[in-house]
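Heads up, the thing below is written out as structure tokens.
Chain IDs A, B and C follow the sequence of writing; residue 1 opens each chain.
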Amino acid sequence: MIALDPDRDRGGPGTPLLAVQSLTKHFGRKASVFARNNAVVRAVDGVDFTVRKGETLGIVGESGCGKSTTARLVMQIIKPDAGEILFDGEAVGGRALSLASYRRQVQMVFQDSYASLNPRLTVEDTIAFGPKAHGLGAKAAIARAHDLLHRVGLEPARFAGRYPHEISGGQRQRVNIARALALEPRLLILDEAVSALDKSVEAQVLNLLLDLKDEFGLTYMFISHDLNVVRFMSDRVMVMYLGKVAEIGGSDSLFEKPLHPYTAALLSSMPSMDPDKRTEEAPLAGDPPNPINPPPGCRFHTRCRFAATLCAHAEPVLTGGDDHRAACHLADPQSGHPRLAA
Amino acid sequence: MIAYTLKRILYVTPVALGVSLVCFLLVHLAPGDPLTAVMPIDATAEQQAEMRALYGFDKPLPVQYGIWLWKVLQGDLGTSIASGRPVALEVGRAVGNSLILAAVATLIGFTFGTLFGFVAGYFRNSMVDKLASAVSVLGVSVPHYWLGMVLVIIFSAHLGWLPPTGAGPDGSGSWQPDAEHLRYLILPALTMSAIPMGIIARTVRALVAEILSQDFVQALRAKGLGEWGVFKHVVRNAAPTALAVMGLQLGYLLGGSILIETVFAWPGTGFLLNAAIFQRDLPLLQGTILVLAMFFVVLNLVVDVLQTLLDPRIQRS
Amino acid sequence: MAMAATETLPIEASASPGYWQSVGRRLLRDPVAMGALAVLVIIVLAAVLAPWVAPADPYKATMVRRLRPIGYPGYPLGSDELGRDMLSRLIYGGRLSLFMGVVPVLLAFVIGSGIGIFAGYVGGRINTVVMRTIDVFFAFPSVLLAIALSGVLGAGIINSIVSLTVVFVPQIARVAESVTTQVRSRDYVEAARASGANALAVVRVHVLGNVLGPIFVYATSLISVSMILASGLSFLGLGVKPPEPEWGLMLNTLRTAIYSQPLVAALPGLMIFLTSISFNLFSDGLRTAMEVKQ
């Protein structure tokens, strides 16, 4: 049982484990003389958020909103175009925190359980790769692999020597989790980690994740498009839209009293068991716009029921209390939105 | 379309430059002093000094390359050691002969290749397919210089129907399109056609089989389109790739003609190359290779653009 | 002739153990491929065991018994233009011909894979520079390049091997780069990189195993081309030098005999043809066996 290791906790309980500021990533085709469209996909466009120690931050949004790209930027699998990432108060890649050292503390579990495992390696070799690469001896690495397999609920005697194609999707995801934990990270990013699993298996894996979080003292970033699952898992939730943060706040607060019209629309599209909760009008109008040419002003204004002229011209910033903020003119009493005057 | 063509030309230019660089360096790869490589053995000291100044052999390599390239762009490919004539002239004479041979061989190969390939693809996995495929594997596996020898043995030595060597009676230097010369063309062209036939047959077979297996062909049939209609559809879809392969084969044949031309003493660029190698006539060697390689580069470009014209879906970045 | 090799090569499917066994089983049931393999084995064995299998000394010349026909007493396949026993020369000739066919491909496999995997893994501008340089060599038809290099370097076995290796390296490098680029974008490679391991470890453990298989299969398809090219070089007098027995060279020196002993003169080419077609048929059979999904 490893609690928040005081030796590793350098910033202290007040410092967020992860602080992200103005994170930006544009994917563009190189401008060339003959190119027909210099299209730039603004996948992540100035994103700010923090993840507190020991919490689970859920990240939701539709396809193309930039959640997966954000995860990869945090993991440093892709290099950001702009912005800063602070881990436990220290800049990643700076003098105090090398990239290699950062990599040991942040790990990710991918969505496609099959594609994230090397088909030529046995389960134990896959898990042992990371520790071995960081200097752990072969025997010790295998021993750790076996231990982790046990902790994720897979009997080492049965599973250690198996190949990925010989086990089921849920089992593969457990292997992926074990592999991520092998380096003893502090932050675990789960990018749609349960989305591809059957519902019953999904429930098992989610419960496993909760147990492991307590056992290892982990912090989670939980990315998903499934709102129910996010509510179940998260302490705080961040809603993304077209590369920007729409709303961020405590899980209960956000789900019960959403401040951003987009969040409200997402929530009302969740099918409910309660017959009293009926959706009267279609929550969202139109198709999700193209991340290549986001609308001017507030990116959501083309689909928003409350859009005013203000929204087409001025881009809102995150406003609100410390615990619950939204990037919407309606949430800002001083914005001058016509609806507020009323 | 024009933009695409221009883009491809831009893309190919560094490759073409690279090719010229390789050709230039060939002379310097040869063991010994590059100067002696381009001069006859009995050259006097004065002639050597003159050559040295002309080609700039005492200057650094990049400068030499520049001088050489500038001359090439003006059409001066140097002087042949063996004959004393300008290389450009020799190559120019020989290219025509090789082109004729290669073109006829490609046409024969294409005709029979598409025939076999089509039949094989249409009647997939039947006896006909196996037979046609066997023929195409044969075409690809046979060493064509040996095939040439065998054909000469059968049709010249044994049966006496066709002449064994040369492009025309009395060892004429170039081929002319008349009945006499036609006899000389048959064996070399047939021999040369074996490899393109094999390759085109294989390609067409795969293409046809793939097109026929696509779902919407069944849909077309269900809508009542007769076999002739399906056939036309297959042709239209297979044509661009098949033609592209044919174009490339023409390039390969032209570049690789030395073996056949040696067997048949055909006075083309390949024969010239052979002579150049054995006489250690490096300017001739270098000039011939440059011309052939450039031809290949340009041919590739033309095939590329034409293919896009025929099938707009194919567009390389 | 670098056709779409990578599109028909299953990359990860070939990775799971048990795959190669099923490929082997399918091959065993293919009569054409097995027949071709048998022929190849015979030729290779004869070449390897030449000193014990050949009836006579391949270098021993007798001017008295030049150009004897097939079946002549003492010369089962006739004698060549210097009176040497054809059967022995053909058996010994297999050694050099096979050697010249296989060694350049092997060398090109090592060098080409190295270049291609490096370029594929590193990506970016280095990749572009490397691949464009390779493109320059692709701008030459193989035969032309081989002959140009051989012509310049001179005759001889080593020179020929060098020329042929240079011809094949670009082809293998291209396939290697293509396959490596595909594998590199897979999630498990990303995960391995994210674990903080250095590039060498990632390549060694995760990339190589998944990449070398398809490259190797492509390389083997080049062997018959290499053999024909090598023999072609010898045929032109650029490869093996006399009196060494080599099929291409033998074809060259026997050319004048096509009027007197056509069958004998054609024999060396027949050997090249047999070997080449066996390689091709086996290689085709192997590809078909590999394409079937499990």
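Convention: contacts are C-beta pairs under 8 Å (C-beta built on N, C-alpha and C of every residue); 3 or more make two chains touch, one makes a residue touch a chain.
Keep in mind it's a predicted model, so treat the numbers as computed, not measured.
Chain centres defined as mean CA positions place C nearest to the mean of all protein CA atoms. In terms of the distance between Cα centroids, chain B is separated most widely from A. Averaging Cα coordinates per chain places chain B and chain C 22 Å apart. For the pair chain A and chain C, the distance between C-alpha centroids works out to 51 Å. Put simply, the C-alpha centre of chain A and that of chain B have 57 angstrom between them. Within chain B, contacts with two or more other chains are made by no residue at all. On the side of chain C, the complex with chain A involves touching residues 12, 15-17, 186-198, 201, 205-206, 209-210.
Every residue of chain C that touches chain B in the complex is listed here, in rising order: 1, 3, 132-133, 135-137, 139-144, 147-149, 151-154, 224, 228, 231-232, 235-238, 251, 255, 258-259, 262, 265-266, 268-270, 272-273, 276-277, 279-281, 284.
Taken in their complex, chain A has these residues touching chain C: 75-77, 99-100, 103-104, 107-108, 110, 112, 115-121, 126, 129-130, 133-134, 163, 165, 176, 179, 183. Against chain C, in their complex, chain B makes its touches with residues 14-16, 18-19, 21-23, 26-27, 29-31, 137-138, 140-143, 145-147, 149-150, 152-153, 157-158, 199, 203, 251-252, 254-256, 258-259, 262, 273-274, 276-278, 282, 285, 289, 292-293, 296-297, 300.
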